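Structures incoming, each one as structure tokens.
Both of the next two complexes hold chain A, though its partner changes from chain B to chain C.
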Partner chain A sequence: MLVLLFILFAGLAIGCAIAVVAQRNPLYCAISLIGVFVSLACLYVMLAAPFIAAVQVIVYAGAIMVLVVFVIMLLNVEQEERRRSRLGFLVPVAVVLAAILIAEATFIIWFVDRSPVKPLSNVSDTGLTSSIGSALFTKYLLPFEITSILLLMAIVGAMTLARRIKEIPPGGAVVPGAQVLPLHMFDPTIALDDTRAVAAHGSNEVAEVMGVPDDHDPTKRD
Partner chain B sequence: MVPQLSWYLALSAILFTIGVAGVIIKRNVIAMFMCVELMLNAVNLTFVAFSSFFHDVTGQLFVFIVMTVAAAEAAVGLGIIIAIFRNRETLDVDDASILKL
Partner chain C sequence: MDWATILDIVLKFVAITIAFTVVLLIVAYTVLAERRVLAFIQGRLGPNRVGYGGMLQPFADLLKFILKEDIVPDKSTRFIYFLAPVIATMAALMTMIVYPFGPETYIPFIGTIPLSIARFDVALLYVLGVTSVGVYGIMLAGWSSNNKYSLMGGLRSSAQMISYELALGLSLIGVILLAGTLDLQKIVEMQSSWHGFRWFIFLQPLGFVIYLIAAIAETNRVPFDLPEAETELVAGFHTEYSAMKFALFFLAEYINMFTVSMLATTLFLGGWNVPFAEDLFGRGTFLFGLVGVIGFLLKVIFFLFLYIWLRGTLPRFRFDQLMNFGWKFLLPVALLNIFLTATLVILLT
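This part shows the complex of A and B:
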């Protein structure tokens, strides 16, 4: 039974992985990759690691792939056009080397399977959330904290990278709270329906324009 | 008969090799990114298999941290992809061969 399940999910994972590489439309690649993630989550359940399986579905198939699909749709990616291969004679060399690699790997796996291994007991609480949590917050607390700092750096880095810098003119500064006023407030000769706007940086400048005494003195801050 | 450790290792090796081939073959930078994610998942499978067969929780903690790094990588990597697309109007890695936006 377990063997059948392993073959099912392993075949699904390999098939979806080949589809990721073979598809030319990036959206189909993303959907095939979700298939790989879900079948790997099923394999994690078979390996008695339910917490990792849940995190795999939530983080990978949920968060990361939503981000990828969002970027694909945002950028409106076109299909890859087919190009002439530039590899030439390297293709048969690669085939020979790959055959050697597969032979070596098969030999290693066959050899390892023949060697007698004392099987551990079947009962264990390794994959349960409580054992992972107690290890994470006692022995491995420092890697956990470093991970949180890494996530903070990733947030700042992503915001810095994705921001549009070109729209701010050179030498320009963005003042938080800058107020935009209609132009006739500065010059009464301009008609009221002129909708051009000027910016005033700060409330004291606005008060000066509007003739209201500004009793707020920033030098006397208590 | 139950699935052996070597079966999982073989599956992981196959998935990793497919991921490497994808990174080499693909020219779309988003598709290359997804192949890198595939390679990370193959390594995660190895960690979980060893952790489960040797009853040691450390491997699953490694998987936890690898997933965090993958999430951070997704955020920053997709930010870089958006910046490249905004400057070059293409996602082809051959057109973005100099290290300059």
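This part shows the complex of A and C:
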């Protein structure tokens, strides 16, 4: 019974993973990746780790992939076209490397099967929420706190990078709500007929550059 | 596979069928109740022609939805267009299995059974995870309709939902700190003493208010329903959906309302605990179970009435006001609630 479930979820995960790589529409790839994550969550449940399964769905499928789908939708990423394959010599290399990988995996499985150490049973205490919680706050406290500082650094870094006034590259997209202005407004030495553009975030930046008083009060209706 | 396992599986299927039917009926009558209650608030009568007082109106609506012409936009992405309402409804229905509808009761011919479909260690996290996946239904619906109003509505709605999911999750941490477990049945059992004064709404008033506001925003209801308001983006993400697919979205929204009300009842209003039922009936008897289930349903209906009441009373937020409120006010207040609760729990134990 467990073997049947394992084959089902593992097959689903592998199928969705192949679909991620083989699909041409990027949104289908994103949805297949969500399928991979949910199948992995089911596999975690079968390995007696319900907390990890729930957190996998919440964090990966529910937050990270939402971000990825947002990006695909906002940037309007197009379908890939079939291109003439120019790297024909790499196909035998790929086959050889895949054969080596499969040989390694088979060797590991055969070796573990033969070893005298018995694996833990499926019912164990390590996967329960209380065990993970107590381990996180006693034995692994330092990595936990440092990881949270790392995440904070990522958030602050993203906000800083997004706030600068910078030139829009040709063919680049602008976040809805930003103001697009000629570069001459920010650097008077640039000629007036230079059509490069700059994105500014907010009317206060624009007012500061143009030297006019900023009396746009966002809490009052225009 | 012995008879006990087979009986167990059959019982689970029967329980799922009963829960599914009851949920659909309650949701159908919630739609009718909303139309009538909203009408009374607004000084008119609402639908009262079909059946006595309008009681058959949901079935008339269902018949209309089934017989309506199904229009599919030509340039839409077909697979995702069909998948989106499925994801929305599935995520709404999947949370039903963890709620305890009643205590362990003795039902004649079967024995003592707990009145819930499944019981596992991480029930509350499971509910949060499944509602996170429900966001995809709306996002994919908005994008796959190939309509810029739908896309804007879908993006706004999903941005709103993921912002308020944070405040929702954080407001529940106070309850988890008090209860010490993520298992919903244990949380309900912990609220059984002091004749109703141990319900977590009295111990966590701030958490309850934050949860209620975040829940209303999660389900895209007034005052947070800008993404699907009729006067704004036509109909938001479900503009291009007609007949049965629109009915599925509609259903998903009301089932979400129902789910969120059930979670509020379980966590804050004591679930199936009715104040003096234990003294009158004794634990484990059939009458105690029946009173518990009826009490649970009455509390959930109170929350649904609260939703309808708010819809008739409050104007809606503008989208930037909504996002400001969610990130700059509700999230810090939820963190403050966790801090206060943790401090009090440590000081008092």
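Here are a few things to note about the model shown:
The criterion applied here is as follows: the second predicted complex is superposed on the first by the 149 of 222 C-alpha atoms of A that agree within 3 Å, B and C clash if a C-alpha of one lies under 4 Å from a C-alpha of the other, contacts with A are read in each partner's own complex, and residues count from 1 in each chain.
Following the convention adopted for this analysis, a contact is a pair of C-beta atoms (placed from the backbone, for glycine too) under 8 Å apart; a residue touches a chain by one contact, two chains touch by 3 or more.
Fair warning: this is a prediction, and the values are worked out from it, not measured in the lab.
If you put the two complexes together on chain A, you find that chain B and chain C both fit without a clash. Contacts of A:A54 after superposition on the shared chain: chain C is touched, whereas chain B is not. Of the two partner chains placed around the shared chain by superposition, neither chain B nor chain C is touched by A:G88. The partner that reaches more residues of chain A, of the two candidates chain B and chain C, is B. When the two complexes are overlaid on their common chain A, residue A:T129 makes contact with chain C while staying clear of chain B. In the superposition on chain A, contact of A:Y28 is made with chain C only, not with chain B.
Judged by the touch definition given at the top, the superposed model places A:L74 against both chain B and chain C. Look at A:I109: by the touch rule set out above, it reaches chain B but stays clear of chain C. Legend: residue contacts after superposition of the two complexes on their common chain; A:G62 is shown touching chain C, with no touch to chain B. Put simply, chain B and chain C get as close as 14 Å, counting only Cα atoms, in the superposed view. Overlaid on A, the two complexes show chain B and chain C touching the same residues of chain A, namely 51, 55, 63, 74.
Residues of chain A that touch chain C in their complex: 25, 27-28, 31, 34, 38, 50-51, 53-55, 57-58, 61-63, 66, 69-70, 73-74, 128-129, 218.
Chain A meets chain B in the complex at residues 2-3, 6, 10, 13-14, 17-18, 20-21, 26, 29-30, 33, 36-37, 40, 43-44, 46-49, 51-52, 55-56, 59-60, 63-64, 67-68, 71-72, 74-75, 77, 80, 83, 105, 109, 112-113, 120-121, 124, 126-127, 131-132, 135-136, 140, 143, 147, 150-151, 153-155, 157-162, 164. The part of chain B that touches chain A in the complex is made up of residues 1-4, 6-11, 13-15, 18-19, 21-22, 25-28, 30-31, 33-35, 37-38, 41, 44-45, 48-49, 51-58, 60-61, 63-65, 67-76, 78-83, 85-86, 91. Listing the residues of chain C that touch chain A in their complex gives 77, 79-80, 83, 120-122, 125-126, 128-130, 132-133, 135-136, 139-140, 143, 151, 155, 158, 162, 165, 182, 320.
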